[in-house]
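In the part that follows, the structures are each spelled out as structure tokens.
Two complexes, one shared chain (chain A), two partners (chain B, chain C).
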Partner chain A sequence: MRTNRRRSGFIALCVAPATILFFIFMILPTINVFRMSLFQRGAYSPTETFVGMGNFTALMKDTNFIRSMQNTILLVVVVTIITFALALIFANILTREKLVGQNFFRVVFYIPNILSVVVISGIFSAIYKPENGMLNSIIGLFRDMTNPILWKGESLVMVSLIIAMVWQAIGYYMVMYMASMAAVPNSLYESSALDGAGRWTQFFQITLPLIWTNIRTTLTFFIISTINMAFLFVKAMTSGGPNGASEVALSYMYGQKDAGLYGYSMAIGVVIFLFSFLLSALVNKVTKREPLEF
Partner chain B sequence: MEIVKKQTSGDRLYRIFIYLVLSLLAISIIVPVAWVFLASVKENSEFYGNPWTLPAGFHWQNFVDAWNKASMGSYMLNSVIVTALALAILLVVALPAAYCLSRFRFRFRKFLNLCFMGGLFINVNYIVVPIFLMLRDGDTWLKNTFGGSFLLNNIVVLAIVYAATALPFTIYLLSGYFATLPHDFEEAAYIDGAGYGKTMTKIIFPMAQPSIITIILFNFLSFWNEYIISLTLLSSANGPRTLPVGLLNLMQAQQSAAQYGIMYAGLVMVMLPTLILYICVQKKLTQGMTVGGLKG
Partner chain C sequence: MMKKGLALVLAVVMTLALVACGGNNSTNNAGNGSNAGNTGDTGSDAGETTTIKVAALESAYEEAYPGMWQEVCDAFTAQTGIQVELTLERNLEDVIGASMQGGDYPDVIHLATGREAGLTEQFIKDKNIADITDVLSMTVPGEDVTVADKLAGGFTDTALTNPYGDGKTYLAPMFYSPCGLFYNAGLFEEKGWDVPTTWDEMWELGDKAAAEGISLFTYPTTGYFDAFLYALMYTVGGPEFFNEATTYAEGVWDTPEAQQCFDIINKLASYTNPITPAQANDQDFTMNQQLVLDNKALFMPNGTWIVGEMAEAPRAEGFQWGMTALPAATEGGDRYSYTWFEQAWIPAGAQNIDAAKQFLAFLYSDTACEIFAKGGAIQPVLGVADMLEGDNVMFYSIYDNGAKAAMGNFAAYTAVPGLGTVREVFLDPVNSLVEGTLTEEEWIANVKAASDQMRANLVG
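For the complex of A and B:
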């Protein structure tokens, strides 16, 4: 009996601090997102008035919010497709082909992942600068630059964001897929080569099906993280500008918080929460396949 | 048996193409990063001409100015304290919790595991506003009852928030490792008369060293680079700041003041520690990632 009590005491002592911290700083705020979305709260007084679905009905009429959701969806779709396609192809090349400097490429491609988004946006400001920026000075070799390309202008800002986000994410996923592709036994490729399968056939018929489980889980996490990364990039690179052209859902939420509209801001938070859950559930369902063993 | 492949001309073309594409991507990463390093020692007047000229000399004054005038020195100190403190809190809290959650059977265990797993899907940036409001309300209450407040604009509180929000991923990763260890280790230790606490700290934790190092690496990078929570919780104009937020301010100020040199010096200050760490532990980091599976 004594040892049993000591055992429970030990477990409680070990688990309690983590549980308390987790509850205060993650569970409680998450509940609060949902609760506060039903209230209106002034900027400087903690008094709250219940408005029910009022915040949400206002949200549906807010064209700025709708645009920010459209931008979020655009970024999630395009960045995910480009990043995954390139990461898978590069990973496949680096594991399948015998190349000189394989390790060098691997080390270099991972660098963007260890840099702060603030640093990356600083680097891309230098790249995108209209006058004597890196990109425009290279393009200037081929065409006249009397009116320079405005990479952060209203029409191109989303493209610029997409480039920066793909640049940041690609190495991480490549390294991850290289590890799982290296686990696929070589004999499969050898025998399929004897049967006359080319590189592309091997890639689609052997590599992809065998690492599908890995792709599927990373895809789900990638979608959630892209919603978040879009915010980090927008906040540091463009602040949502020019004229809200690059605003994404989370940056709009943050902007409403700065304006003191806490209830409204949290209603946006709820929409993003539900959106990301639905999207990852959808992706999970669409990508479901029978797992293959090797 | 070795299969001898004939090098056809199409094959050679394909290889050249691959090298071209891979090199292009590598260049697109190396050149901008190297460019920033070179720009950090350029004088302000050098920024108005061709961006590809090498610096005329080593203008170290940029770093001195960033360190003193732009307070990047004190921000650096704050960042070091916050990162170290957050890592310490995280390890002290997460290690025992992960150990118990993965190796003891008790009531609520399933429920707690489920909660922490669910926490993997809660992104910190979704909940930063309620965290901010909670701390601000706490401050108001403290001010009214005790006449002083300490929750916002406090780097210790920031470190606690960092540690707390890193818990789900860390516990998930550690539990995965602890679950693979055979139970014989503990049984042998109990027979030798070691208590629960001693068994955990003296037998199990040393074995988990590789996972612990992985955790320290990943969380170091995320704490050091984080800027949204820091921006929100350290919002007072004269209060403390962390390095990335200081850099963000520097970048915004640069748009009007056009002090490019200082800005790039600040950029180097933020990324140099992570780059040095990366060069030292490059193998471990890319391996550890596959052990841990995922991180968003």
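For the complex of A and C:
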């Protein structure tokens, strides 16, 4: 009994530093975000005025915010679907097929993940350059380039962002899927092959169901990381331009802070928080399956 | 047991270390400033225990002459005995922003308006800046003239220095630079073209250049249109129209002058190099500037810092910087060049306001001006022309060659959710005009709607 008490006391002491830090640097600020979203104030103003839900009703009428939210949703949906599909396919090929230079491809796919977003943005800015950029030079072999394609122009800027974000994310998810695919016993594939199952059937009937738990986890990652990464890419590649066409929710929130609307930007923060939270919960609910054992 | 004890000790040490890290280790020996004299002619008795904190933006000037700010601070200490703790950063907002949110303010901040983070604007809107009107009548430390005697005319009558229109000065004018249209003088000579003096000549030249595959115009980012728009408003309607427009007077955007401004910018958009908007962001703007160096565009709005900024860039053969004021609206009309200047100011929450005021006064001393001039930073004081070198001689002589100085800016208004900044409302749409996704009418309608809201929320 006495040792038990001492034991839990000791555990509490060990956990205390992390818990205290987590509380001070995570919980408190989050609560503060919610509190400040109800006030009208600048980042440096000494005073603040309580406006209740005023910031939120203003948000609903703010067309720029709605556009930035639309862009965010577009990115979350499109980047997730493309990355998810490509990562699965590549992971399957690299684990199931016998390829020359398998390790080489694994490294190549993973490299973008090691690079910082600023570097990636630099690379893609060079690729997207209207004059003698890589992309336009290649396309220029096939068509007349007197009117170069403006990859960072208003109409294509979101497409350009999607390409860069997918390129950056594939390697990470591919490695995650490969790890769980490697755990699927080979005997299942062998016996199914004897039963006449082709590669596609194997993929959909064996691989996918058996790595389902892993896929569910990554879907949540997709939502959270796309929202965060979109901010970094926009900041480093387009600064929200041209004329706000590539503004996403987080970059808009950041910009509003600079415009002197700290409370308002916190309200945007609350909306993004709830949005990502609910979306993750929804995706989790929808993809719930009885876990398969093997 | 032994192991547990060790782990316990380690846990305690870790906690203590964290607590220690959180402690305030900034040794702040700043006095309360009450002993700093106001006359500024001597400081040996005043400054022994006073330390002021100066935060300055590390800009292209500092790059051109590294150590410029430190040298000025040292000269100030030598003159007055007041110690200076200098913070010099490129991303000054990020460095001092957090501690200011915690209520710890530098005593002097040198950071102009118009930056993306808009820190100075936020302080103006919050009325969080100390009144420095009395600095103008202070004697410059080490000299026997007052600040007002040294300052060039007009600089302390603008909305940039007196943001509330109450005759009181809150921001000290610093480093000024004439803005205008920059071009390759070598190319004009080679082709035998004249630099246009009216907008009609401008369009003619645009057609001539287009025939040779050169666009008339480009811009680094839409942010560079501020100086352009201000000068344009002056050329079109003179100071009267400018003042009405920048205070969002009722119906001002329905006047023929305003219509002319919109028309010129819209027409200019059609003469703009089409790839400009795709590069008009904070990362790629030098590529737009490169268009002028490569003879792919004739003119761009810019400031004198461009020479240093593009010093290393490759350029067309025979390239030579040229700068002109904005063309006149009509034959024989006035031409204007916007005078862009930076600001230094004292946060209302600063600890040593009196000593900080002395520092501001010292920034206009001959000693400081000469040090600044080495980096190409020109203080708005009389007789500064003697300190100019190189391309700057030509640039700063623009006002001697017939162009009038345009000064001022849009009046500050309280930020309103969804309204947007001046740049977002007036300037950013130029990108869309060039790309053709926005019509002139839509742009004007948006400006009018926003302007009504700005008027309703004016600060002051």
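We adopt the following convention: the second predicted complex is superposed on the first by the 273 of 294 C-alpha atoms of A that agree within 3 Å, B and C clash if a C-alpha of one lies under 4 Å from a C-alpha of the other, contacts with A are read in each partner's own complex, and residues count from 1 in each chain.
One rule holds in what follows: a residue touches a chain if its C-beta (ideal position, glycine included) is under 8 Å from a C-beta of that chain, and two chains touch if they have at least 3 such contacts.
Keep in mind the model is a prediction, meaning the values are calculated, not measured.
Engineer: Are chain B and chain C a fit on chain A, or do they clash, once the structures share the same frame?
Structural biologist: clash
Engineer: Looking at A:21 after the superposition, I want to know if it touches chain B, chain C, both of them or none. Which is it: first, second, both, neither?
Structural biologist: So A:21 meets both chain B and chain C here.
Engineer: Contacts for A:152 in the overlay, against chain B (first) and chain C (second): which applies, first, second, both or neither?
Structural biologist: second
Engineer: Can A:209 be said to touch chain B (first), chain C (second), both, or neither?
Structural biologist: Neither chain B nor chain C is touched by A:209.
Engineer: Between chain B and chain C, point out the one touching more chain A residues.
Structural biologist: B
Engineer: For A:260, is the partner it touches chain B (first), chain C (second), both, or none of the two (neither)?
Structural biologist: second
Engineer: Quick one: classify A:10 as touching chain B (first), chain C (second), both or neither.
Structural biologist: A:10 contacts both chain B and chain C.
Engineer: Would you check which partner chain A:130 touches, where first means chain B only, second means chain C only, and both and neither mean what they say?
Structural biologist: second
Engineer: Once the structures are superposed on A, label A:179 by its partner contacts, choosing first (chain B), second (chain C), both or neither.
Structural biologist: first
Engineer: Is A:244 touching anything from chain B or chain C once the two structures are fitted on A? First, second, both or neither.
Structural biologist: Second partner only, chain C.
Engineer: Determine, for the stretches 4-12, 184-192 or 418-426 of chain C, which one clashes with chain B when the structures are superposed.
Structural biologist: In the superposition, chain B collides with chain C along 4-12.
Engineer: Identify the residues of chain A that lie in both the chain B contact region and the chain C contact region.
Structural biologist: Comparing the two interfaces on chain A, one with chain B and one with chain C, the shared residues are 10, 13-14, 17, 21, 46, 121, 125, 129, 236.
Engineer: Applying the document's contact rule, which stretches of chain B touch chain A when the two form their complex?
Structural biologist: Result: residues 3, 15, 18-19, 22, 25-26, 28-33, 35-36, 39, 47-52, 92-94, 96-97, 99-101, 104, 106, 112, 115-116, 119, 121-123, 125-134, 137, 140, 160-161, 163-165, 167-168, 171, 195-197, 200, 221, 224-228, 244-245, 247-248, 251, 263-264, 267, 270-271, 274-275, 277-278, 282, 285-286, 289-290, 293-296 of chain B touch chain A.
Engineer: Within the complex, which stretch of chain A touches chain C?
Structural biologist: Its residues touching chain C are 10, 13-14, 16-17, 21, 42-46, 55, 58-59, 61-65, 121, 125, 128-131, 147-148, 150-155, 236-239, 241-244, 256, 258-261, 264.
Engineer: Can you list the residues on chain A that touch chain B in the complex?
Structural biologist: Going by the criterion above, the answer is residues 6-8, 10-11, 13-15, 17-19, 21-22, 24-30, 32-33, 36, 46, 90, 93-94, 97, 99, 104-112, 114-119, 121-127, 129, 132-134, 137, 167, 170-172, 175-176, 179-180, 190, 193-194, 217-218, 221-222, 224-225, 227-228, 231-232, 235-236, 250, 253-254, 257, 262, 265-266, 269, 272-273, 276-277, 280.
Engineer: How about chain C: which of its residues touch chain A in the complex?
Structural biologist: 4, 7-8, 11-12, 14-15, 18, 97, 100-101, 116-119, 121-123, 125-126, 128, 221-222, 274-275, 277-284, 287, 349, 414-418, 420-421, 424, 428-429, 431-432, 435, 437-438
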